[in-house]
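In the two complexes that follow, subunit A is the common piece, with subunit B as its partner first and subunit C second.
This part shows the complex of A and B:
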């Protein structure tokens, strides 16, 4: 390669531009037509590009379709349940809708060059893999006053595919007992409430508060989001709520597979963002997982739902070109414009920026994370995000930071506290009153950090002091987890008098009569 | 507005906000919690035993200066029973390393510790200035990092120490986790969050500041009025690590716990067994005897590249094979002397009868 000379002296001293593609401008696949697009230094024509993308889609999905792997190299595809597609209106999920329809639900089998169905009409490929398909969309406008409701626009898109049933959900369903009863079959699931500090944020101890009633689901979700300490926490909470709503809807509807339209680019961003928020333990689940609600003791294990991202080998650029050349309608996702960016948005800006100088960044991130697995066996399922939970999280947090001198493990070190700081030290034995019920041991590291980790920037949207408690999503209080002691049944505790009074208050004719 | 009391002792006036926890505390409590957290990191990982000879990797920067101070303080306070040494590496960067070495020499006087300085020039025959002159400003951190690692081991072996401690802090570890994911360095990703690492033939190496925030180290040095050299390496702005560092700073601004959260993520996962099995087994370098995953260790490979005028081409394994295809190394090139770590000789005590 020639080196740079002095442009002032030599006419052709400028470094020749590095070529964007390998050897030829012709399509590397058919070698007949001139190329129309360069994907990672490979040139493709328009006609060859679409089959390439569809092949990547099928290679990512089809190995997971059958319940058992089997021995055949090309088995007949037959899923054990229905199909559910998570649809956001974005580029990836719009393409997913189109590809799933064309590949598995359209009446027309794929044709060969002569126009006949490839493999013949009776070819196993052309038989239906899933009996039916639902498309789940979660509308988030309820969480943000003034935001436009896009449900009907989304319905219009889904109706273009007559084989699909549209199942619209709302983000506030996460706080709606009637929705929970429908998907879980549980009646009267108690709502879990957490205490708030004077600043209106969830306290570090995650203390469970007395039951409060009278909030609509919309009021409940707005109160919940306003009690979160950072913009990162709000983004993460919305993501978790959306995912768990769809998981439960898919599972209760008899689906065996749930597909999301995350492209390679958005998958890499979500992996790096998850790691940055302490979600390294569940990195496998971020890629692909087999999920089931935790079964109540004595009941049959639930059917497993396979959560797959079949566009995980397709970059955002390929998705955009596919949508353009195949006339796929894309509504787009509503992006919140905020002055303070959370970790998810920062990660997206960073990865997209780095990809310009280092083009293999997104694929490297995804490939690297595919080689990782959690170190220890899980100690249960996080109540909030429904993902596997690592053990001894609070012990780890307590080990690396000293937040209070009353911690037992500091007993040996207290002698070294400087003299000026010893006068108000409380070294008395802990009170005999049992500690308040806390959610701490029932959450994964990432969810605990979401609820408690603060920033100096702050994100408080409503005035502090309006409410002293905040609700949590309805599934947190699911009685199916009563064995671990959060909501009675398992652990016994003395009920304080005030809590008894709260329960019977509506039935007391006159409080004074009772006291007399 | 009334002054805020310290969140810990509830007595003195709070004069700083801890970057790690956000608590508002007084100066004395800050010194106490900072030092005690490092002490807990050391004891819970069982890093040392009484009688150990420990070399502190000292660059004259804030991390190693504070590390030397804190190690001396904790050694006396908790009777670790350690013999502490300062070990410094002169990479030969004019205007940067010569100034920071003066700081290390001052540290030696202030902390009353023996000091050994080892230079790239005496060990390899090349300074970083000469290397950068040959290869430019891309990939020079690869050379420096590889050379420094071996230099530290060689310096420690000459001091006959059992253990090397370095001032890598929480920010460094978090940056390394992010960087290894972005670059796909699965081998390093699997071990970068370990607090203590040891190869078959190399000296144990630990990071007592693994959970200490960089900002808190600076704060500690400021309030303790510790003497350190504050300029960044002049060749670092073009390094790939700079991207990870900028990203991490943005994450920290969005949520200060992000640094610890990334370290927690790194500790929570490991490389899958089938991937580990496919990785190259460790062997010994045929030229200098240091640990290596190929016939020649990376330092010998890089040095050969420099000597043959093909330094830029030996960064990757593929480039190395290309160089080998050209022909064997000439006999008259400079090579790294044979490495021998301190041999472990079992001493049998004489019987009492």
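This part shows the complex of A and C:
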């Protein structure tokens, strides 16, 4: 029973709680058996439930399998490359593994009465849609001292599916030049380091350090994470590192499709969390994207990787019940990692609580985000998260934030900040930093916020003896950083003035025309 | 034992970590329990279990043992750590799915479902994400 909150009514006059399902407890699909599960006010029996979940999975995935849509309503499925699955050990990715195997890689197709494969030749189980499948897992224990390495437990799970090849990665590979050489073919990528201010903060100017200190990949990632200003930033950084590691691994391995096991609940959480952290511009990429690394100038464009979340219409409750009724073993994520606080954890608590009483609102979040579209075309690909980058971010930030101080006392307080980092704060002082050292223009708004956000709980102090620089992932330095804005691959180019004039020449009004 | 019921429990989805890492357990529940869900004098309680969080003496009124009482009982006598991850605002925490004999507890009246001997109650955490 729930109270309506009106103090004028009797305390015992409670409003009856709304039923969580329709009038009947029988299955709405077969209408023969009593229901076993309630999914968003609809009741299903155990036998009808599994096919419904599998149908949602296929409807979310199969329209994106073929490289071209074609004209047939039910085309024969044939992908242009192999398949890559991102596996975390969690509920959604465990079910993804099971469904993909049963639907597309099972070797024993069921036969009908005449001995032919059931479902016809176009049924997914009877045709090889993808020639092979790799399962990528990113172990994060290197980032957290004392965390247990679960790679072998994950390997045991993946080995239950003999058609799949297991590709274990480690989170510190993001700072490992040898891994980058393997996936990109580039063996001369410089490690980019950020200069820290006196207080150990990554400054708003995001200036590149001039010196390089040799660190192991594990030391580098721990230093990187410890330099981030907030728990939210750490959580976001780990997600980005994991995603980019898997993207590059899948792409370099010849995959045409990369699947993640995000359920509808997880997806809604990540959408809200991303928007809260300034990632609204790339919200469509959070749902589904076609990704390719930015090619260096002169090289041919690389194949596109389709990143899909085929469980995006399946709630966490459906995933849990599917796993239980189909004996899908779920390892789960490490408790220490799940305990990371921040916006992501707060959003998760909110959405999970919302789903309990108002299950349809979780779907509403995802459906609404699907309709969002950025106003303008991206100006390139963010160097850190590899997602589309909005143009004119710094100009916009300049309009909404304080960039200069007229008060003499405040200006004097800037003296403790190193000169290269002071330029963005004090416009009265001419910048003495060459453009070569500025990283700001190569990052999207979300990544910029991740690196420079301030915690209300105060700033972290740099311990004595700790380096005043922090490393960035190895792919940030790919293709170099040039002061004239020429990044290669057409991502961003400074247009000469004459070229700009030629472009708009037809739209200019001559003075002679005005006088007439 | 007269006036008691054997309830089979299964913990899944990581929830077993809160219950001594034992997936399958069973408990003895009295057929009639205090209406205020006090678990002070439950047949499963012993000196080795953590001290009860609900030590107030029962008011004397009783009810047929239901799922709401079972949840309090599990929190007070079987849970080893982090009670806030299992129970919230007097009921099961959001994100934990409950199946009663393979049926969603929402179809059986949730906490007001009256327990029967040899019922199987499954608690599955859905909070491990994708």
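Of note:
The working rule: the second predicted complex is superposed on the first by the 401 of 516 C-alpha atoms of A that agree within 3 Å, B and C clash if a C-alpha of one lies under 4 Å from a C-alpha of the other, contacts with A are read in each partner's own complex, and residues count from 1 in each chain.
By our rule, a contact is a pair of C-beta atoms (placed from the backbone, for glycine too) under 8 Å apart; a residue touches a chain by one contact, two chains touch by 3 or more.
Treat the numbers as computed from the prediction; the structure is a model and nothing was measured.
Note on subunit A: of its two partners subunit C and subunit B, the one contacting more of its residues is B. In the superposition on chain A, contact of A:449 is made with subunit B only, not with subunit C.
By the touch criterion stated above, A:372 is placed in contact with subunit B alone, subunit C being left untouched.
In the superposed pair of complexes, A:160 makes contact with neither subunit B nor subunit C.
Touch criterion not met for A:216: it reaches neither subunit B nor subunit C. When the shared chain is aligned, subunit B comes close enough to touch A:275, but subunit C does not.
On subunit C, the positions that touch subunit A within their shared complex are 12-14, 17, 94-95, 97, 99, 102-104, 106-107, 122, 124-130. Those residues of subunit A that touch subunit B in the shared complex are 230-232, 272, 274-281, 283, 340-343, 346-347, 350, 354, 358, 361, 364-365, 367-369, 371-375, 390, 396, 399-405, 409-410, 413, 416-418, 420-425, 445-446, 449, 453-457.
The residues of subunit B lying in touch with subunit A in their complex are 6, 8-12, 17, 20-23, 26, 28-29, 31-33, 36-37, 39-41, 44, 77, 177-178, 180-184, 186, 189, 211, 243, 247, 250-251, 253-258, 260-262, 264-272, 275. On subunit A, the positions that touch subunit C within their shared complex are 20-21, 25, 35-38, 43, 46, 88-93, 260-263, 265-267, 269, 309, 311, 316-317, 319-321, 323-324, 330, 332-333, 335, 338, 348, 352-353, 355-356.
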